[in-house]
Amino acid sequence: MTKKISIVGASGYTGGELIRWALMHPEMEVVQVTSDRFAGQAVYKLNPNLRGFTQLAFSPVKELKTDVDTVFLCTPHEKAVPYVKKFMETGAKIIDLSADFRLKDKNEYAKYYSEHQAPELLGKAVYGIPELHREEIKKAKLVACAGCLATSVILATAPMIKSKLISVSGIIADAKIGSSAGGAAFDISTHHPERMGTVRSYKPKGHRHTAEIEQELSAINGSKVSVGLTPHGVELIRGISTAVYAGISSDITDIKVWKAYRSFFADSPFVRLVKDQGTLYRYPEPKPVIGTNFADIGFEIDQEKGRIILMSAIDNLVKGSGGQAIQCFNLMNGFDEKTGLWYPGYHPI
Amino acid sequence: MTKKISIVGASGYTGGELIRWALMHPEMEVVQVTSDRFAGQAVYKLNPNLRGFTQLAFSPVKELKTDVDTVFLCTPHEKAVPYVKKFMETGAKIIDLSADFRLKDKNEYAKYYSEHQAPELLGKAVYGIPELHREEIKKAKLVACAGCLATSVILATAPMIKSKLISVSGIIADAKIGSSAGGAAFDISTHHPERMGTVRSYKPKGHRHTAEIEQELSAINGSKVSVGLTPHGVELIRGISTAVYAGISSDITDIKVWKAYRSFFADSPFVRLVKDQGTLYRYPEPKPVIGTNFADIGFEIDQEKGRIILMSAIDNLVKGSGGQAIQCFNLMNGFDEKTGLWYPGYHPI
Amino acid sequence: MTKKISIVGASGYTGGELIRWALMHPEMEVVQVTSDRFAGQAVYKLNPNLRGFTQLAFSPVKELKTDVDTVFLCTPHEKAVPYVKKFMETGAKIIDLSADFRLKDKNEYAKYYSEHQAPELLGKAVYGIPELHREEIKKAKLVACAGCLATSVILATAPMIKSKLISVSGIIADAKIGSSAGGAAFDISTHHPERMGTVRSYKPKGHRHTAEIEQELSAINGSKVSVGLTPHGVELIRGISTAVYAGISSDITDIKVWKAYRSFFADSPFVRLVKDQGTLYRYPEPKPVIGTNFADIGFEIDQEKGRIILMSAIDNLVKGSGGQAIQCFNLMNGFDEKTGLWYPGYHPI
Amino acid sequence: MTKKISIVGASGYTGGELIRWALMHPEMEVVQVTSDRFAGQAVYKLNPNLRGFTQLAFSPVKELKTDVDTVFLCTPHEKAVPYVKKFMETGAKIIDLSADFRLKDKNEYAKYYSEHQAPELLGKAVYGIPELHREEIKKAKLVACAGCLATSVILATAPMIKSKLISVSGIIADAKIGSSAGGAAFDISTHHPERMGTVRSYKPKGHRHTAEIEQELSAINGSKVSVGLTPHGVELIRGISTAVYAGISSDITDIKVWKAYRSFFADSPFVRLVKDQGTLYRYPEPKPVIGTNFADIGFEIDQEKGRIILMSAIDNLVKGSGGQAIQCFNLMNGFDEKTGLWYPGYHPI
């Protein structure tokens, strides 16, 4: 049965992506999208791809509809709490795409963001990576979708942690990420002449997604896992390519790694393992996942240097954000996980 | 009822695009894709986007299956004739994406390509732009899909010709086109360091698509229309943006132009008119049509210079090639024109 | 003898480019660069290429030094007049890179900009394209450098007008231009995810540079020349590629066109004629001129369509702005035109 | 006194770059450039940037001139030995840009390349990074220029090794590199639609430059240093951005790192230290070094993760190849190191 959904804070790139997928989803009816800044403006004016697909306009937040089955929150970080409280009262299912409910530990939230406004609710949220928390998501009332960088690191690394194939200290994650991850807000750093063709280390240490990565990997490991995350802005609009470098013991083999991944992702239709010597695209790359909900995962063992290179590629706005949220929606509402999401990308793109 | 289809010469970008759309189409079953060069190789090795969607492999041409409902020909120019003859015998519907059956006049074909091998068949083909030939396509056994540049010029210009709003002499079409239009074959001109960031006038005069543009526009006009086509390779993979410059008489108005377009495209779901002062995307641009079958069309009257600027944007591999072919397939087989094609693009992309 | 120069309004891209060239020029000493917004800040903080080359910082305008030999004005349009008046009193040579003194006719200025604040001075300025006004520039006290698009159109077209080889009505100029031409100010239209990969017709009619193009070409022709200019933002930071379409009479030949160009540019070291069938770069393209003061010019006669395609490529920030200004400086001060400017570009770039 | 130089194997990108710099160098006269494949063809046909700067044409190798002061070898790997032998007899100074004389250990050469043809000569070559071997280069007859990736890793890392500030085991180097590093030879992997917008891990382990990196760092360290190098092709033509991740002890400070770098590079004009919180370009990036011989170096200490991130940016064709060779030429011939190389880049580019 079709579900009524709304999207709060829908004028950014994450909101636009959600609107797109929701409009095409066979079981969703979009009843409202809110934006104070663009209130009254047609959605397709900000999202020219949607011209001809919807006459929907943004509503001001003061006209917020609460009579929905599921609400998606695309508010800025530290702004989701009031909406979560409000919709918890109405009984709507809540999918929060901000960072506000990703962390279980209020101290970690305070360290990376600010003091949390509703720490008592942190325990009620399920972290929204279905490949890790599928069963909990099915039962959840509140899902906190993962950060895009976190998704790319966790999917590549979690199976290795679980199978005890890598060292849990000194893990390095070097990510290359497109400009859309910064959102629709602009400044000199996103000005085309300054941003085009750059390889920019904008946050070499202390990136906020470190907290959720370590939380999730540590939970799998049973004790603290430490990850040094360093993202680089590169010449892409969409896409994250991440290389995770980790220590290995000498008895690791390709077969063991394959098995660990296959086992971990046995029920995960959106993870594709890519390690294919005969082709140009022999490791994960952003291009084949652009516009899709796939996470492509691969690896190479460098026995001589005592390390393994784990590789992942996702579209930050789909698997790293809007598509992940739709996947959670499907699970929370009893639909097949793939509903409305099962599309290949384009080649070449 | 599901139709069995095959694709001959399927290893290039047009073939890959067709495979993608066919796999997702609710009424198509792909029974064979051929390529001598890549015979035996899995389709997803060349099309990494299709990993997880098909285990199909390329068949050698000697194993050609003729028991299909519709065959798509993606052979190089001047190679389609034998296949057309063969499938005419089997009764299959034929959609030729090469240039071999686009022109009605064998002399024009000889001028721009070479002597035609089966001039007697030229009259049997319908030119595959549904917006011009919808009813004929519905009844056709052989459809010749239009060239990508031709599609972009014709869709912007035909309504103006039909409504007698522009001068039919001295029309200039300046097109900007992505690198995928050159296909999967590579040489120094497509080598990334030489091709990236270029604006290259590779065929300032005498481009082959001129012939089909003039054929179609002249047919609408009732007498010769002359178009000077000059394409430029620009920094895109997918996409064509075309500006058509034509002379106007002084009594032209925005309303008249709007009416001419709206009337011409009244039954054409894949044409969107774009002229929207309040937005960033106020004229057609490639970005909102990437990955879609849409043609975005717009215009600006420059009364002071006695000219009108007509603008169109398409994805050369979709509306300019594979998507157009699927649209023709739908019409030829009695399906709704939009079947399997009704998807919006992505933003930003 | 080394000349003391200053640059007013130096914090934008044109100012940065001028600083770069001035620092490397053997006959220039930069005594001041002004910017109220960035007063006190080191030049290399905005221009990371200049790290290690200068410790110069921006001065506030209130500390303006007038004891200079030549002043370069990089103020916004409609802001140069007070500086021109001030420096005319000091006897400094003035090179204005804004649009304020390009037009001779105050009505044209009013039409495209606003009412001019000092129309009595319009006649004192020399238009700063050395290939047209070399001798006047040598004697000038006030030079108004040309707009970047205007430079690209005029250099390709002026020799054809002078030699009466093309029709002077119905000329169409379709330009493709990089994002740096919009300057260092940013908004949503220059936000990387919205600007990357676009082909955007941002001003299809009525572009301000039309006025100076028509002024200069009409002066050569002896009567009104009409040009319809339509620029497109494309995926470049630097560079303009312009195609000019003009009508021809049937007796035009390649040799006549070559002769017209060679004669016109006989003493112009920075114009290179490019029409070279044996090579990949057989017509002008932006890549070989990036970072240089060259204007590459080429053409193709399309006898069948009664038209000629004139092509030019420049770096908008060098030949279209800062480099052109240095070239004028050289002429005004009796130096060889090439001084400090005679560098090739890079390949590939 | 002007030196006569020649370039063997000059038709590739490294050769083209050398020709460019040599033509502009005040102390060099280019007497010959060889290429069998392009023999007889004008240099500017392959290097469109050099149009107007030289009428030089490629000579076939059989016409090799040996009466030169310095010869630059741009031959493919494993092809330089015969030329080295020949020019050693003539007494010419030899600067080899291939990999053939970079390694001191013939076993390492065999492991990464093939069996060396003249192992007895390995000891005669000086590794061509002036920042490490300035005094030896001044006296050398044979210099082996470093690989581009090796240069980027070594310059960032050597001072840290020398000052014992980082752990010498488990060093990870993640490099992002432009397409020009692959040279002028093309295949499907460099075809624009396949290469544009990629982040491609093409050699995650075992890259050949690992050998020279470890050789040089181990020599400084006095015992084996192990580096895991993983390069990624990204959307650039020119440029390398490298992040080196290394373990640190807890008493490291910014000041100690600064001192180590400043001391190491005290006499090195082409290294710029970049760590500048107040600006957009606060760490090294490729854009400010494009077209220059600079290596920009920066760092960030991540005390919490027990690691330091070292960052470097160079132009692979200049500091990573042709410019480095010119710098060696200057040193070998008693010229100032900066001669003919002291140019800033462009901004924005």
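The letters A, B, C and D name the chains in turn, as written, and every chain counts its residues from 1.
The rule is simple: contacts are C-beta pairs under 8 Å (C-beta built on N, C-alpha and C of every residue); 3 or more make two chains touch, one makes a residue touch a chain.
What you see is a predicted model; the values in this text were computed from it and never measured.
Seen from the Cα centre of chain D, the chain whose own Cα centre is farthest off is B.
When the interfaces A-C and B-C are ranked by C-beta pairs in contact, the top one is B-C. In terms of their C-alpha centroids, the spacing between chain B and chain C amounts to 39 Å. In terms of their C-alpha centroids, the spacing between chain A and chain B amounts to 36 Å.
Separating the centre of chain A from that of chain C, both taken as means of CA atoms, is a distance of 46 Å.
For chain B, residues touching at least two other chains, in rising order: 13, 180, 188, 193, 197, 235, 237, 280, 285, 287, 348-349.
Partner chain B is touched in their complex by these residues of chain C: 170, 172, 174, 176, 188-189, 193-194, 197-201, 204-206, 226-228, 230, 232, 234-236, 239, 241, 243, 245, 247, 280, 283, 285-287, 300-302, 304-307, 309, 311, 313, 348-349.
Taken together, the chain C residues at the contact with chain A in this complex read 13, 178-180, 184, 186-188, 190-193, 195-197, 235, 237.
The residues of chain C lying in touch with chain D in their complex are 13, 16-17, 20, 23-24, 45-53, 180, 237-238, 269, 272, 274, 276, 278-281, 285, 287-288, 290-292, 294, 296, 317, 343-349.
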